[in-house]
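Letters A, B, C and D mark the chains in the order given here, with residues in each chain numbered from 1 onward.
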Amino acid sequence: MDIGLNHYLVLSTILFSIGLVGVMRRKNLLMLFLATEILLNSVNIAFVAISHYYGDLTGQMFAFFVIAIAASEVAVGLGLLIVWHKRHNNIDLDTMSSMRG
Amino acid sequence: MLEPINISLESLNLTTLSPMIIPVIGALLILIIDIIKGGLDKTLYVMITILVLLLNIGAIVESVGVFTSDGTIMGVFDLVMVDGIAIIAQLIIVVVSLLFVPLALSHKRFHEFSYPEFFAIFLFMISGFEFMVTTDNLILIFVSLETASLALYTLIAMHNRDKSFEAAVKYFTLGALAAGFFSFGSMVFYALTGSIEINQISEVLAGNGYADIGFVLVGTAFLLAALGFKLSLVPFHAWAPDVYEGSSAAMAGYMSIVPRIAMFVVAMRMFEFLIHSGVVWLEVVLYIIIVLTMTIANIWALVQTDVKRMLAYSSISHTGFVMSAILIGTTQSNSALFIYWILFSFTNLGAFSMLWISRQKHLHKDQSSDHSFNKFSGMIQTSPTAAVIMALFMLSLAGLPPFAVFWGKIYMISSAVTGGYTVLAFIMALNSAIAGYYYLKLIVYMFMKEPEINKDGTAFVSNATLPLKTIIGFAVVGTIFSFIIVNPILEFVTALVYKSGY
Amino acid sequence: MLDHILSILIFFPALAGIFGLGVAKDSMRAYGTAVAFIEFALSLFLWFSFDPTVSGMQFMEELPLVPAFGINYILGVDGISLFIVVLAAFFTFIGIASLSDTKNIKNLIITLLFLQMTMVGVFLALDAIVFYLFWELSLVPMLYIIGAWGGPKRIYASVKFFLYTFTGSLVMLVGILFMAYFYYQATGVWSFAILDWYRLILPAEDLLTGDIWHMGNYQMWLFLAFFMGFAIKVPMFPFHTWLPYAHGQAPTIGSVILAAILLKMGTYALIRFLLPLFPDASVMFMFPIAILAIIMIIYTAMVAYAQEDVKQVVAYSSVSHMGVIVLGTFALNVEGISGSIFLMIGHGVVSGALFLLVGVIYDRRDTKMMKDFGGLAHVMPRYATIFGIMMMASVGLPLTINFVGEFLSLLGFYQQSHILTIFAGTAIIVGAIYMLSAYKKMFFGELTNEKNKNLPDLNKRELFALVPLVVVAIWLGIYPKPLLTPISNSVESVVQLMHDKATTDEAKRRIPSIAQEIIITKTSTKEMH
Amino acid sequence: MEIFLYTALFSPLLGSLFATLFAAKPKLLIAGIVPTLLLGVSFISSSVLLAHILSTGQVVHVEMMTWMEAGDLYIPFGFVVDQISVTMMMVVTLVSTVVHIYAIGYMDHDKSFNRFFAWLSAFVFSMLILVMSDNFAGLFIGWEGVGLCSWGLIGFWYYKESATWAANEAFIMNRIADLGMLVGIFLIYSNTGTLQYTEAFAALPSLDNETLTWMGIFLFIGAMGKSAQFPLHTWLADAMEGPTPVSALIHAATMVTAGVYLVIRANPLYDLIPQVGLFIASLGAFVAIFAASMALVNRDMKKIIAYSTLSQLGYMFAAAGLGAYWVALFHLMAHAFFKALLFLGAGNVMHAMDNELDPFKMGGLKKTMRGTFIMMTVASIALAGIFPLAGFFSKDLILEAAFVNHHYIIYSVLLFTAGLTAFYSFRLIALIFHGEQRYKIFGIHPHEAYKFMLVGMSPLLLLAIIAGSFKMPYYEMVTALLPATEYHVHSVAVYWAMTIGTQLLAASAILFAYKKYARNNIKVPDGSSAVEQTFVYKLLINQYYIPLIYEECLIKPYRTLSRVFWKEIDQKIIDASVDGIANRFYSTGEATRDMQSGNLSTMLKWMVAGLVVLLSLAVVFAFAASHPDDIKLLLSGLGVQ
C-alpha cells in the first residue's frame, strides 16, 4: 500500500498526542522541553505533507519557521533552566510553586 | 522547478513596514552603543527608547493618513495588512510602551534596567506585537507572537528574583505548549483550505459552505486554546496571576495591557468571520468562556491578600469582559473593545505604577508579600495624596462614573444590548458588582483602618521619582478627565474600525 | 448668572472642597459652614428666581459630553426637584454648622462638600447618564463618612451600603442602556436625554388581556430594571436591611444626610423616570408595589417598636415613612404624587432633625440605648420639648409638615384602592405607638441613671441647628402653599404626560387626565421621525 | 363680626404661647393670670357672637387662608360661627375660663405651673378650631390637636409611670379612631370632591345609600374614639391620672363631647342613614348602662365621675342617634356645666385629702368643706336629673325622644340607668360628706379650698341650677340649623306618668344611697365582706376585665410580634439571605482557590484539559451541525442570536 496524506496526518496527530502526554506527565523541566519539541515537530510533519499534497510551498515555509522558533525557544528555555538550576540545583517542576492561590 | 518570480519594489510598498522596523533599528542602535562603550547609565537608553517610540508613533500617524485616504494597504507579498484596527492597536501598543519606559527610572535601582539589553529586547518585543496586529498571515502571526513572547519571558526573568524566574519558567513552558496548539490549529486550517491567510481561509470555507465543519471546529479549538492562553481566558489563565506576581509591578501593568490588545486583534481577525458565517459552536464556546473568565476571575480576586495578585485577577476578568466584544462582533462592539482598552490602560497602568512607586527593597517583617493589603492600611493618614490617587484608580477600575473605565463599560454593555445579548449584558453588569467588592477592599484598608505597618507614609513613595510621578499624573488626568477625550476617541476608533470592515 | 446657576449650584461645593484643602484644620468648620451657607443662599436664590407657574423645566443648560453616543450634560429644574435641592443645601448647611468636633474634621467637611455636589447633581441632571454618574458618585463620600467616622461595625455597614446600592444601580444601568437603544431604534439617534425619552412610547401588554411575561413587553422589563436600582435606594422592603446598619454605624452627620437627602434620590427617581417613561407598567405594578409599601409601613413600624437603640427607632421609622411616600407616588394622580413629593421634604426635615437630636444625646452620653436614659425631661427640658415637637411631626400631627404629605399621599391613593389605603392608614397608629413609647422611655419617668443627673441642656450651636428645623416643620405644616403650588404644577404635567402616553385601557382609566396643555421642553437632539 | 371670631379663636393661642415662654421657668403667677384673662376675652367675644346670632340669626363665616391645594383638592382655613358652633364655643370658653381660674389655685404648689397653663390654653385653642372649622380637614386638625393636648395634660406629671402610660394609651386609642375618621374624610372627598361642610352635605343626597352608610360608620368610629364609646372607652378612666382641672375641662366638659358634636354637625348625613343612627343610639344606651354599672362599685372618686361622664355621653349619643340632635346638644351643654362643677368639687376634696381618692377613707367632710359640699350636692342632683335642675330637662327630653320613637328597649335601659346614676352619684356624696370622719385615722387635716376658687366655680353652680330654663329659647335658636323634632307624647297622662315615674325612681335611688352609705359605721372595704366576694362585684370592679383582655390580647401580642419581626424575620431571614448571597461568592472563592495550585504541571494539565473539552464539544457540535435549527432554539434562551 502507498503512503497517503492521511497517514502523515495520523502520524502527526499521534506524535502530537504523545507530546501532550509528555507535557502532562513529565516532572522534569528538560523532559518537558523535549515534549514541547515533539509537539512542534509533529506539526511540521503534517505541514510538509500537506504542502506536498497541495503542491505549494507555504506549508514548508511554515515548517521552517516552526523549526526556527523551536530552536530559539530551546535557547531561551535552556537559559532559564540553567539559571533555575544554579539557584535551586534541581529542575523538578513541583519545587516551583512558591506562588499559589 | 519554480520559475523565478520578478516583483517590482514599489509593489511591495515597504513603507507599510516602517512602524515595525523603527523599533528594530532602535534596538540594534542600543546594542551597538553598548558594544562601542559599555557601562553607560540607564537614562541614556531610556531616552533613546522614548525617542524611538516617538518616531514609531509618527510612522503610525502617517499610516493613519494613508489609511483614511485610500483604505487598507497590503504590502510585502500581502504579508502586511495595514487596516484600521491594526493602526489603533499599534497606537495603543506604542503609546502604552511609551508610558511604560519611564517607569524604569525608579528611585530604587533594579538591575534589569541597568542592562541595555533590557531596552533592546523591549523594542524587539514591541515590533513583534506590531507585526502581530498588522497581518492576517498565520505564519507571520505565529512568528511575531513567538518573538514577542520570548522577549517577554526574558524581560520577566531579568527582574532577577526567585519568583520572577519561577514566573518566567511557568510562562515559558505554557507558552511553548500554546505555540504547539497554535501551529497545530493553523496546520488544520491549512489542510482544510490550502492557505494560511485568514481572509483567504474565510473565502475558501465560505466557498465550500463549511463542508467539513468538524475539522473547522477542531482547528478553531486549537487556535482558541492558543489565543485563550495569551489572553488568559479561563481555563487557560493559570499562568497569569503567578507571572504578574513574579514580575515587577511595572512589567505586570505592561503585560496586562499590551500583549492582550495584540491578541485581541488577532482574535478579531480569526474568530469574527467564523461567528458571522454562523459557526454556532464558536458562539456558544466563547459565551461560556467569557462568562467563566469574568466570573471565576472575579471570585478568585475576592480572596486575594496581595494587591498585585488581586489586580492580576481583575485584569483577567476585564479581559473576559472585553472578549465579549468579539462574541458580539458588531462595529459598535469592536470599537467598544478598543475604547475600553484605551481607557482601561490609563487606569490600569496607573494602578500598577502606584504599586511600583510603593515598592520597597526589603519587606517589613509582618508583611506577607510586596504589596499585601495590610501594607496599605491607614494610608490616608500617612500619605493622603497617594491614597486618594490609588482610590481613584480603584474606583475607575470598579467602573464608577465619571472615571475612565466607566465609559468603556457602558459602551461595551450597550453594544451587548444592541447586539441582542441581553443576558450577557446583565451578567457583565453583575460581574462589575462583584468586582466592586475587592476594589473596595483596598479602599477600606487605605481609608478606614489605622496604620499597621507603615506608621510613616514613606514606604508608599519609597520608589518615587519625578518620571514615575509624571506618568502617574498622566494616568490620573487621563482617568479623571476621560469624559473629555471619550468623544474624540469614540469617533476616531469607530471610523477606523468601520472603514476596515469590522 | 441665571443661565448657569444650576452648574454653579452643583460644582461650587466641590470646588470649595478642593480649596478647602488649603484651609487650616482648626478653622475648617467655619470654612465649611460658610461654603454651605453660600450654597444654601444660592439655592434660595434659585427658588426665588424660579417661576412657579411654569410646569416644565427651567434654567436648562446643555453641553455636549459624548455627543457621538448621545450623552449630553443637560440640567434643568422643575417643581419636583427644586425643593429637594433646596433641602439638600439646607441640610448640608445645618449639618456642618452643627458638627461637633471629631477626628480629622477637615477630611470630613471636604467629603461632605463633595457629597453635596453629587446630591444636587442627581436632582438637577436631565440626562440619564449624567444622572447615573452623580447617583453612583454619591456612594463614595457616604462610604467614606460611614466607614471612617462610624461606630464599631462601621466597615461592614459602609461596604454593605456601597455594594448593595451599587449592585442595584448596575441593573438600572443596563435598563438605561436599553432605553437609549430603544430610542435609537425609534429615532435613529442616540440620546440619553430624559426629556427625549419622555416622547418615546414603548410597547406594553395590558395586564388584563395581554400576556405580560411576553419578552416584547418592554415597558415591564425596563420598569423592573429601573425599579431594582431605585428600590434598593429608597429602600423598599425587602431591600431595606442595609439601612439600619448604615444609620446605626454612621456618625450623626452621616445619618442626617442619608435620611434627609440620599433616600430621597430613590423616590425622586421613581417620579422622574419610572412613571413618565413606563405609564402602563406603572399601572401594571401599582398594586404589587402598593402592597410592598404597606408592608414597609406596618412591618418596619413594628420592627421600630421593638428596637432598643433610639437611633434604630428613627432609622426604621424612616423606612416606614418612605413606604407612605412610595404609596403616594403610585397613586398616579396629582394629589398622591404632590403629596409624596411634599412628604419627601417633610420626612427630610423631620428625620434629619430627629437624627440630629439623637446625635445630641449621643455626644453627651456615648450611648444610644434607651434603657440608659429615662426622665431626661427633668434635666433637659428644651431638648425634650424640641424632641417632642419633632416626634409629633413624625407621627404626622396636623399643622406639622408631615401631615400634609401623608394626608395627600393617602388621599391620592384612596382613589385607586380603598382597602389598601385603610391598611396604609394604620401608619398613623403604628407610628404613634413606636414614637410615643420611645419618647416615654427616654424622657418620662424618674431620673434613675446617675450619669444623667446633670446633663447639660441644648447649647447654642445645637439650638442654632434645631430651631430652624422646628420653625420649618411647623411653618410648612400650616402654610404649605409656596411649595405645594409649584410641585403640583409640575406634577400635573407629569400626570398628563403619563395619561397621554398610556396605551392600555387600564392605564388610561387609572391615570386621570388634567385638562391642560403640557409642554415637554425640547432638547437639541433631532426630532423623532 | 369677624374680629370677634378671630379674638375668640386666637386669644387662647396667645395665652398658650405666653405661658410657653416661661414653660421651663419656675412658677410665675403671671403665666397663669394672662391666659385666664385672654380666655375671658375669648368668652366675651363668643358671647358677643352668640348675641349676634340670637339677634340676627345670620351665620358668621370667614376664610382665613388656603391650607392645602393640589390637583382638585382645595382646603382652606375656614371658620364658621352658626347656632351649633356658637353653643359649643360658649360651653368651651365658659367652662375653660372657670377651670383656668380654678387651676390658678389648684396648681398653686406645682413646680410646672407655667407649663400647665401653656397646655391648657393650647387645648382650648384646638377645641375651638374643632368646633369652629367649616370643613372636615379643619375639624380633623382640632380633633388631633385636642388629642395632643390631652396627651400632654394626662401625662402632665411625666415622672409618674401610670400617668405617662395613661397618656400614651389615650393618644394611641384616639389615633385608632382617628384612622376611621380619616377614612371617612377620604370617602367624603372622593365622592363629593370637597371637604367643606355645606357643599359636601349638599352633595350627599345624590349618593347611593351604601356609600353614605360607610361614611356614617367611619365618621362615627372617629367619634367613638374621642367620646370613649365602647370598645374604645378604657382610656377615659385611666385619663383621670391627669390633674383634676384637666379632668374637669377635657374629660368631662369639652373634648369627650367632640364625638357628639361631630354626629350633630354631620346630621344631614345621619338623617339619610337611620339604620346607622339606630346603631349609634343603641350603642349609646348600652354605654350608658355599662358605664353606670361600673360606677356603682368603684372606689376611686375621680373614676366614678369619669364613668358617669361616660354614661352621660351614652345618653347624648342615644339622643343624637335617634335624630334628636338638638336634644343631644342641649344635654351636652347642661352636662358640661354640672359635670365640670362636680369634678372641680372633687378636686377640692382631693386637695383636702392629700390626693386621697378612695371615698371610703373620707366621710363627714360637710362640716369642714361646706362650699364644696353644697356645690357637689347640687351638681349631683342635677346629674341625677331631679327637677328643676339642668339635668332634669335635658335628660327627660332624651327619655321622651326614645319613648316617642317607640324604641322602648332603649327607653327602659336609659330609664333604669337614670336610677343607677342617681344612686352612684349620691353614694359618692354620702361617702364623702356624710357619716363619721373616717379620714381621721389616716391623720389627714382637711381644709376648704381657696375662696377665689369657689367663687370661680360659682357660675357653673348657677348654670347647673338654671340651665334648664334656657330650653325654649335655645330650641328656637338651634332649630334654625338642626331638624326640629318637637315631641308630643300621646297623652298628657302618659307624659306626667313618665316624668313623675322617673323622678320617683331617681329620688328613691338617692334615698337608698343615703340610707346605705350615710351611716356612721361604714368601714373601709378590705376585700373581706361578702359583697366583694360576689362575682358581679369582681366583674364590675375589674371593669368587666376589659383592660385585662386588651393587655393580654392586643398589647402583649403586638410586643412579641414586633420582636419576632425584628429578630427573626428582619435579621435572620431577610438580612441573612442578603449577606448569604454575598458570602456565597466569597466562600466559593475560598473553596476553589486551591485549583490555582501554582504547580506548573497542574497548569499544563488545565490547559490540555481545556483543549480536550473544546475538542469534544467540537465533535458534539459537528454531529449536531446537521440540524442547527434545534440548536438555535436551544440557544435562544441564552440570548445568543
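Keep in mind that, in the parts below, a contact is a pair of C-beta atoms (placed from the backbone, for glycine too) under 8 Å apart; a residue touches a chain by one contact, two chains touch by 3 or more.
Just so you know, these numbers come straight off a predicted model, no measurement behind them.
The chain pair with more C-beta contacts between its two chains, of C-D and B-D, is C-D. Innermost chain of the displayed assembly, by C-alpha centre distance to the whole-protein C-alpha centre, is C. Here the spacing of chain C and chain D, counted between their Cα centres, is 36 Å. Rounded to whole angstrom units, the spacing between the C-alpha centres of chain B and chain D is 77. Chain A and chain D have Cα centroids separated by 96 Å.
Centroids of chain B and chain C (each the mean of its C-alpha atoms) stand 43 Å apart. Of all residues in chain B, those that touch two or more other chains are 169-170, 173, 177, 241-242, 303, 437.
Residue positions of chain A touching 2 or more other chains: 23, 96, 98-101.
For chain C, residues touching at least two other chains, in rising order: 163. Chains touching one another, given as pairs, are A-B, A-D, B-C, B-D, C-D. Chain A makes touch with chain B in their complex at residues 9, 12, 16, 19, 23, 29, 32-33, 36, 39-40, 42-43, 46-47, 50-51, 54, 56-59, 61-62, 65-66, 69, 72-73, 76-77, 79-81, 83-84, 87, 96, 98-101.
Per the touch definition, chain B reaches chain A in the complex via residues 2, 138-139, 142-143, 146, 150, 153-154, 157, 162-163, 165-170, 172-173, 176-177, 179-180, 183-184, 186-187, 190-191, 194-196, 241-242, 245-246, 303-304, 309. On the chain D side of its complex with chain B, the touching residues are 582, 585-586, 588-590, 592-593, 596, 598, 600, 602-604, 606-611, 613-615, 617-619, 621-622, 625, 628, 631-632, 635, 638-641. Within the complex, the chain B residues that touch chain D are 169-170, 173-174, 177-178, 181, 213-214, 217-218, 220-222, 224-225, 228-229, 235-236, 238-239, 241-242, 278, 280-281, 283-285, 287, 296, 298-303, 419-424, 434, 437.
The part of chain A that touches chain D in the complex is made up of residues 20, 23-24, 26-27, 93-94, 96-101.
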